[in-house]
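Look for chain A in each of the two complexes below; its partner is chain B in the first and chain C in the second.
Up next is the complex of A and B:
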């Protein structure tokens, strides 16, 4: 069971300024929810992801796999000369190109779904439903041993920086 | 904000020294009986820097058309590069003196005996060639100067009127450039081998110009930043620029492959004649290094996010690309002109001379206007980008 304090904002500029102010006060922000991509917020929160690296590896794997398949079919298993071209030919490139993208994308997609525990037909559970529409949310994790004073201070800070609402959720 | 650039006397002297090297090289080239080689190098370097200037102005036009905010503070650099077109017009004029050394189709007797050249004669003849040359340069210079003038007026008067006018002129410019630069590449490079043609040749040269022009814009911005200008330049700007280079490297690689793969696959002697001396003979090493330098290296290197945000790493990529464009043009021109490959003092000296002219013209143009536009509507967005 984790408790989170959510500060809800109605403007992205107010939110990005609020992130700066909260961080200046030593508050650790664990996440931000937004209906639109926010420039620079990623760097501010020091979020990291290995998904691009995974995509690169899947792509490299896809290229190798496709080449192995083409090599096996047209050189090893059924060598057939046509048009005077060598068996191991440049025309592999187009198929490798397309399948590299295909395999890279599909595997990334699957990885993302597995990591986010998503599946088709999953019920959406949103604490602030309007974050998919016109509201922005700052998420601050509340450890169990956090004192009441500290919590009050964070709540006050959120309000002060322009939050229209501050709520607490368990999930 | 309003500081204008000053050219130091050291820089001026260095550039004049480079130009002197270039002039001496060209004269020495003629005196030592290397006339064809010298003309070929003059063509190579003329085309090289023209392509860079046109690519930069094309990039500028794209920024205006897409109404990009992030690049608003840097538009003066490609605008200044547009000024090189005027100088380039006169430098290209020199080539008319050596046109018979370069182009087989300019020899009247040879054309009469050659069915293919005779068939192409209504288009490929000297008077029409010269007329096209004048028209193309007139259009480019007129449109780029108009964009620059509108931008300077915007500095004084402000408002969004000029912004919209620049956008409209840019739209005209990209259409004009797409057609005229394609025909220009066909005239000056592809007609070196007038019997051969490729429908994708002009597109590839256009992408080359766009790619390397953007790289030089970024190089100038980074160098000026290191000299204390453009204090607003940050990692987000560098990241945006590096993404441009990354995308353009892919488009360039795509065009390279599209031309090569189709000719390789069809295997028609009329078409493969272009690649035979390039891939089988002494140009073999250049052939592969062209692809590695211009596509494989930037593609793999810029894929790494940290490289795109590091000014020194980007400068290194751009340096490689400067060599890359030279190799590409060397591959286009030399097998049809000097035939046997060797890099002598002529190649190096001519390039240095042209680089000197180019740098001097750009530096001089940059001093003529405030380095950062004053009243660009997106200026604030550009300066605050990433903050």
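Up next is the complex of A and C:
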């Protein structure tokens, strides 16, 4: 079984500097927990998301689907003239515009939860509950074969970089 | 970096992260205050009266309203547009201020978004009961039917309205809820009550606040916000098209879409101001919603008021310049000097003139006066819709059909019912949800407060 070493910090600036120092020493950081989004951290941990691409695809799909539906109902299924306007009319753009946003928004929202594996009522137990309040945590994986020396070195580094507490937890 | 000299200190009182959580969650943990019960009692009373009006309308028909052949739209549409306008504040605050990187939004956006949700709910009731036969309401949706199938008229602004408003409600709700998830997690971890832990645990969807989670969260928030921004503009443009695509004098103008959008944001900001002054007083949130925040809103309102004033004058000018005698009659005779001059001048004074007092610093600094002016804006914007709907319909092309309009007790009851619904919604929000976005305030805390680490660096 793997365990984790957790370095607990009380300031985001100290934590960001600590991440730099740890990485410079060749320590792999597996995750960072924080009460606020830390914008600089994502590049440091090489984290990316394809959510914008997904949203674009949903929007494009929404626009196409809406047009197909409007065209089919107004031109193919029941071609009924309203006020002499053409059957395939420019005013479709208004409904297409709104429904593009509608479908894009709804599916982006759903995709977010699916990717994050979050759902209503999901129960979680945080190792450091105060990371949702005023503390920050650096998580370093500790494989079973990690030597005692290496573990000590990591612990020392965490303390040195300003961690107020270092704990070890089961994964 | 953020320059505190530009906007002043946003969060006062040398708060730490923990202080922020404690201060904002405190009203939810405290005993329910007396003012809450009293207001809830009054709002429930108003709501029940509204339910009576609602029942009266549905069981007897639209004949219980003061409408006639000419003025076929009355209070229902006036109130509908008024509520939708108020509902524009939340997204205007959250999105537009996010786009222009105004960090002072963080103390206010949550309440403004909540206001949007309840205002749009109140607004949505009006078209529903205006149908008369509410049980046939589903006719508005393009569903596969046995009559042909005959589909909706997709060129009708009324159908656009249904699509736009339901989308706006959904997008606003999704954006609002998304922002609350980290805050629900904060409550989940802080609370000592087992019941609260369960409820807020369920509401937080299992949020843990790790790096990838925050990255996706921030990206999703920007995407949802980015999509909602054009929606704000389109929703009220579409509402304005309910009027402007017709040929009725006073409605048939190209100025309507921008004029409605600005009016909506103006009334929304007015209502935000009203609400924030009440909230910061009752919950002692003066460190979060500072005088600087209120000052910023009043400055925006001054500018919006100028646009409104310009729009009113432009309408008058175009009525004269167009040479159309019908337009000229509607504007100069019916509105400025005729039967409805009281409503017209109330609108003009409340929206175009009174907010101009905000040019004076002494007025902006006096919160009581600011509060009173915010109420005048709400009133003025209601009269604007009254002027648009009633004056144009009451006297159109054919003098033989001219008619006057007065609301009946049923219409007043329905309106008061929606006010009750809105107030109850806001009260529930005050009681059970963190009224200020905790994690967002923390995000701007260091750069915008007098915390030691910040002042040391500079």
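Definition applied: the second predicted complex is superposed on the first by the 169 of 171 C-alpha atoms of A that agree within 3 Å, B and C clash if a C-alpha of one lies under 4 Å from a C-alpha of the other, contacts with A are read in each partner's own complex, and residues count from 1 in each chain.
To be clear about the criterion, a residue touches a chain if its C-beta (ideal position, glycine included) is under 8 Å from a C-beta of that chain, and two chains touch if they have at least 3 such contacts.
Nothing here was measured: the structure is a model prediction, and the numbers come from that model.
More residues of chain A lie in touch with C than with the remaining chain of the pair chain B and chain C. Within the superposed three-chain model, A:165 lies out of touch with both chain B and chain C [touch as defined at top]. Of the two partner chains, neither chain B nor chain C is touched by A:151.
Of the two partner chains placed by the overlay, only chain B lies in contact with A:93; chain C stays clear of it. Look at A:40: by the touch rule set out above, it reaches chain B but stays clear of chain C.
In the superposition on chain A, A:70 makes contact with chain C only, not with chain B. In the superposition on chain A, A:52 contacts both chain B and chain C.
By the document's definition of touching, of the two partners only chain B reaches A:84; chain C does not. By the touch criterion defined above, A:11 reaches chain C but does not reach chain B.
Common to the chain B-facing and chain C-facing surfaces of chain A are residues 39, 52, 83, 85, 91, 94.
Chain B meets chain A in the complex at residues 236, 257, 261, 264-265, 267, 303, 305, 385-387. Residues 16-18, 21, 142, 148-151, 153-156, 159-160, 163-164, 167, 170-171, 174, 178, 181-182, 185-186, 188-190, 201-203, 205-220, 223-224, 227-228, 230-231, 234, 238, 439, 442-443, 446, 453 of chain C are the ones touching chain A in the complex.
Per the touch definition, chain A reaches chain C in the complex via residues 11-13, 31-39, 41-42, 45, 47-49, 51-52, 55, 59, 69-70, 73-74, 77-78, 80, 82-83, 85, 89, 91-92, 94-95, 97-99, 101-102, 104-106, 108-109, 112-113, 115-124, 126, 129-134.
On the side of chain A, the complex with chain B involves touching residues 39-40, 52, 56, 83-85, 90-91, 93-94.
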